[in-house]
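Quick one: the structure is below, questions incoming.
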Amino acid sequence: MVGGREFGARLRRLYLPLAVFVVLMLFPFYWMLITSIKPNRELYSQKIMPLVVYQPTLKHYIDLLWETNFLVWTYNTLLVALVTTLLSVLLGTMMAYPLARMRFPGAAVVAIGVAATYLVPQPLLFIPMSDLINRLELGNTLTAVMLTYPTLLIPFCAWLLMGYFKSVPRELEEAARIDGASRFQAMTRIVLPLCTPGLLSAGIFSFTLSQNEFLYALIFLAKSEVRTVPIGVVTELIRGDVFYWGQLMAGALLGSVPVAIIYSFFVEYYVAGLTAGSVKN
Amino acid sequence: MSSRREFLTASLAATGSALAPRWATAAPKSMTVVRESSFIKPFDDYFAKTLAAEYEKQTGIKIVYEATSVGGMLTRLTTIAETKSGPEIAMTGLNHAHLFDNSLVDVSDVAGGIGKQLGGWHENVLDVVVVNKKWKALPWGNIGQLEVYRTDWFKEVGVTKFPETWEDLLSAGRLLKKKGHPFGFELGHGFGDNHGWLYPLFWSYGGREVERDGKTVVIDSAETARAVDFCRKFYQETMLEDVLGWTDVNNNKAYFGEQISCTNNASSILVVGKKDFPDIAKVTDHALNPAGPKGRFHVLNAVSHALLVHAPDQAAAKAFLKWLYDDKQMSRWLTSADAYYAPFLHGYDNHPMWNAEPRYLPYKESLKTSRPHTWPGPQGPAASESVAKYVLVDMFAKACRGDSTKDVIATAAAQLKQIYKAK
Amino acid sequence: MAVRPATLARPAPVAGRPFTVRGLLEREGIFSWLMLSPGVLFLLAFVAYPFFYGMFLSLQDRRVASPGVFVGLANFVTLAHDAVFWQVTRNTFFYVAVTTVLKLVGGLGMALVMNQHFRGKNLARAFLLLPFIVPTALSTVAWMWILDPTFSVVNWLLVNGGVVKSGYSFLGNASLAMWSLVVVNTWRGMPFYGITLLAGLQTISPDLYEAAAIDGATTTQRFLYVTLPVIKPVLIIVTMFSVIFTFGDFQLIYALTHGGPANATHVFSTWSFDIGMSAGQLGMGAAVALAILPALAVLIVGLTLYLRRE
């Protein structure tokens, strides 16, 4: 193969489109970054080139970390995401397993019911939901969102895991049962370990959605100390009609970093998980 | 659903008081006040740290301050009212006292006392806090919307005193736009800075949406048509296109970016300017809205405290409010906000807080001519609906983007007829 | 993976004792329902109950803090006669349709690019996922600045590059505003399509491509006849999820335009929030929120039937 033609083709098919995508997807983050280190003077000036910073400053970050509850919000967000992920994956597994591998009366109804929960739009739910939360005296607690987020996550986890569970051959399970294993043991010792990528995948997806949620957090978490990052940043860095842009961008960037890091470790699993889940369905 | 809860609560309470009769008469250990974060942080801090501490020392009752985000108060209040639980005292704005009438305690006695001590209440605020002759909320101030403008640029085109009438403002705007300093008045779906000039413009030309009885829609009139035509001309000849999509934050941004020379806003621009953009703040000033053929108007935005019916000890809550609004406390508290809130009490008309920054005086001036949204129509659910649906704002916005005056008025009239006929 | 039955052997086989507790637990039906019940109960309490309550609300004239009056379908009738409702419907459908197509095409392109081997592949994948995984509330803030007509870097580039005389009003012009929202939503959602389609692409063995190439298929033909059929199920599933999410999209629109200018960008969720929350009309707000359902239901049923046929 001659290098030139090969390279030309690769350029067209890979490098150019890749560059385009990277620029398009990452440009707002670059923007966040430079805005967060621009002093206000430069921010509001129309005359200078907006793509670079002339006199970078860390003032916005300092203000963000020192004067707001940002670190508390970060802690809350991660805690909520972790708990809801565990809860959703657990309940999702428990629902997906019978639906994928067992025959029992009412299976169709449950399957349709679970799919139907996805169709329910959030704006419809939040008033009855807040009534429920308040009756359980959970207003302004992280428990409120820990209980409500899984409603968005469990159906997806269940769907994803069903694909995985279906792909495990029955013979393995049956062999174990013949040897005396209970159904529960067959599930936990045979099938689940084989589906670890799927579990990881469901976990990552849940984690992502959970720390992205906005509407319920906005309504249930009114006190600053219990807020999550998206709510805290958007509501407290805006006073009246004034946006503290520098701090907002700093908060936005810092809020994105933990997730991005986690993702860089788990991207392979995420991709692999969606493979088995969706194609085999 | 609520009756079950009430039954449960009632039976528990009965059992509780049977078992421990002494407990029913003890004062509450703490009370919660929920308000939207103030634009002036020291105001909130003064309440949460200074005033609350003083009250606790005096009475042993802890006052907890809960802040919601700006724009989040209504959602919070809805939840509180619907679930009959949560903070005892809540902030109400605009006409929320009417909307939540059923959930609010009659505080006429407290209001009467305050009025007597402090020279009486301004007439126009009664519209928004008095429902069926009962006071449902106690206003502590008005957040006014005024003209904010660049004195240096106006001077450049020969205007040294802010124009008195809309037509004069139009002339000034033409000159300024030619010099590259257009106007920027909000016409989008924000909340404060659009209504802040559109209602006054509308009223100053004699326009009305609904009559006082709330049954007759009178927006389709020659006065309205004149207002709409003027607005279109004003927009086309003095402003940038973007204002059609502006929400409340955009004019602040544009002003500090030196993109516009004049807008309608609360005092947030000057407050931020003094802190972060001192050069621009030096050449910024406030002025009353221009007058039209039928007078000069401003929009009323009274912020008040209201007492929720589910409060376990209403007497204690009322006592707190009485204490809070007493001149000894209120005077200090309002001063901590640098005259951001214009109080509705005649006793404060010449309060020293106005001396700190003479550029805030127009906010005090504007109180006299301030009217609530949808005035002179009755405040209530229909008014809230028409405001939430941006009936008036969209009428003007559509005209500015090119729709015919006849069409936009007809659409608005149809919308209002549907809204107000629904009770 | 080798299973070693010996380690799982228990002394007494279960089959012979169907009526002990353990025997009962082994029955397919009981086991299944035991496994299902926590999840089902949870969803019943936190989704089904609020949902039916919401439906009940939509049949009432219910102002905030007031008792409700049953009015049957009156709310829906009012909506049917409200021109704004139909505009909101058009807006929502336009928004969903256009963003879905763009995300699909873009996502497919992304997937095709990422399916190739190059150094830093994993890093690139992680980067390209960022718009989707970062909280929307935060990235929307960045976009507010990017779309501001004076400060927008896009306008700056266009004006200084001599392409246009003056900047565009991205959020002030009615049609531009909708397209701006489409762009932001597409930006945010494309990685979801990309990464899911990538997963699908990776199941296609390279042998299939080689075989097709040997048979003389062009790149396009290979794509149409090898790639597309295999990823079609994935495509449909991911589209379905995305459509559902997009129909309920709230935060992005609320923050950027709040439905303006003049209702040009109001969608069901934002309008329902305004009516329910700002106007205190809980019944009507619920009715608007419910209006999403028929469209969604039709879509889902259609997709399911289509999948069944395959």
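For clarity, chains are labelled A, B and C in written order, and residue numbers in each chain start from 1.
Throughout what follows, a residue touches a chain if its C-beta (ideal position, glycine included) is under 8 Å from a C-beta of that chain, and two chains touch if they have at least 3 such contacts.
Keep in mind that this is a model prediction, so the values were computed, not measured.
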Problem - Farthest-lying chain, centroid of Cα atoms versus that of chain C - result: B
Handout entry: Of A-B and A-C, pair with higher C-beta contact tally
Key = A-C
Handout entry: Whole-Å separation of chain centres (CA-atom averages), chain A against chain B
Key = 38
Fill in the blank from the handout: Rounded to the nearest Å, the gap between Cα centres of chain A and chain C is 13
Problem - chain B, residues touching no fewer than two other chains - result: 75, 78, 82, 190, 253, 257, 259
Problem - Residue list for chain C, restricted to those that touch at least two other chains - result: 150-151, 282
Fill in the blank from the handout: Multi-chain touching residues of chain A, meaning two or more other chains, are 44, 46, 127, 131, 231, 234, 243
Exercise for the section: In the complex, go through chain A and note every residue touching chain B. Expected result: 40, 44-46, 127, 130-131, 134-135, 137, 139, 218-219, 222-224, 231, 234-236, 238-243
Exercise for the section: Spell out the part of chain C that touches chain B in their complex, as residue ranges. Expected result: 61, 63-66, 78, 81-84, 148-151, 169-174, 177, 257-263, 274-275, 277-282
Completion exercise
The residues of chain A that touch chain C in their complex are 13-14, 17-18, 21-22, 24-26, 28-29, 31-32, 35, 44, 46, 49-51, 91-92, 94-95, 97-99, 102-107, 110, 113-115, 117-125, 127-129, 131-132, 147-148, 150-151, 154-156, 158, 172, 175-185, 189-190, 193-194, 208, 211-212, 214-215, 229-231, 233-234, 243, 245, 248-249, 251-252, 255-256, 259-260, 263-264, 267-268, 270-275, 278-279, 281
Problem - Interfacial residue positions of chain B with respect to chain C in the complex - result: 74-75, 78, 81-82, 99-103, 187-190, 240-247, 250, 253-254, 257, 259, 381, 384-385, 387-390, 393-394, 397-398, 401, 411, 414-415, 418, 422
Fill in the blank from the handout: Per the touch rule above, chain B residues touching chain A in the complex are 1, 5, 34, 37-39, 41, 66-70, 72, 75-76, 78-79, 82-83, 85-86, 190, 192-193, 248-249, 251-253, 256-259, 265-266, 268, 272, 276-277
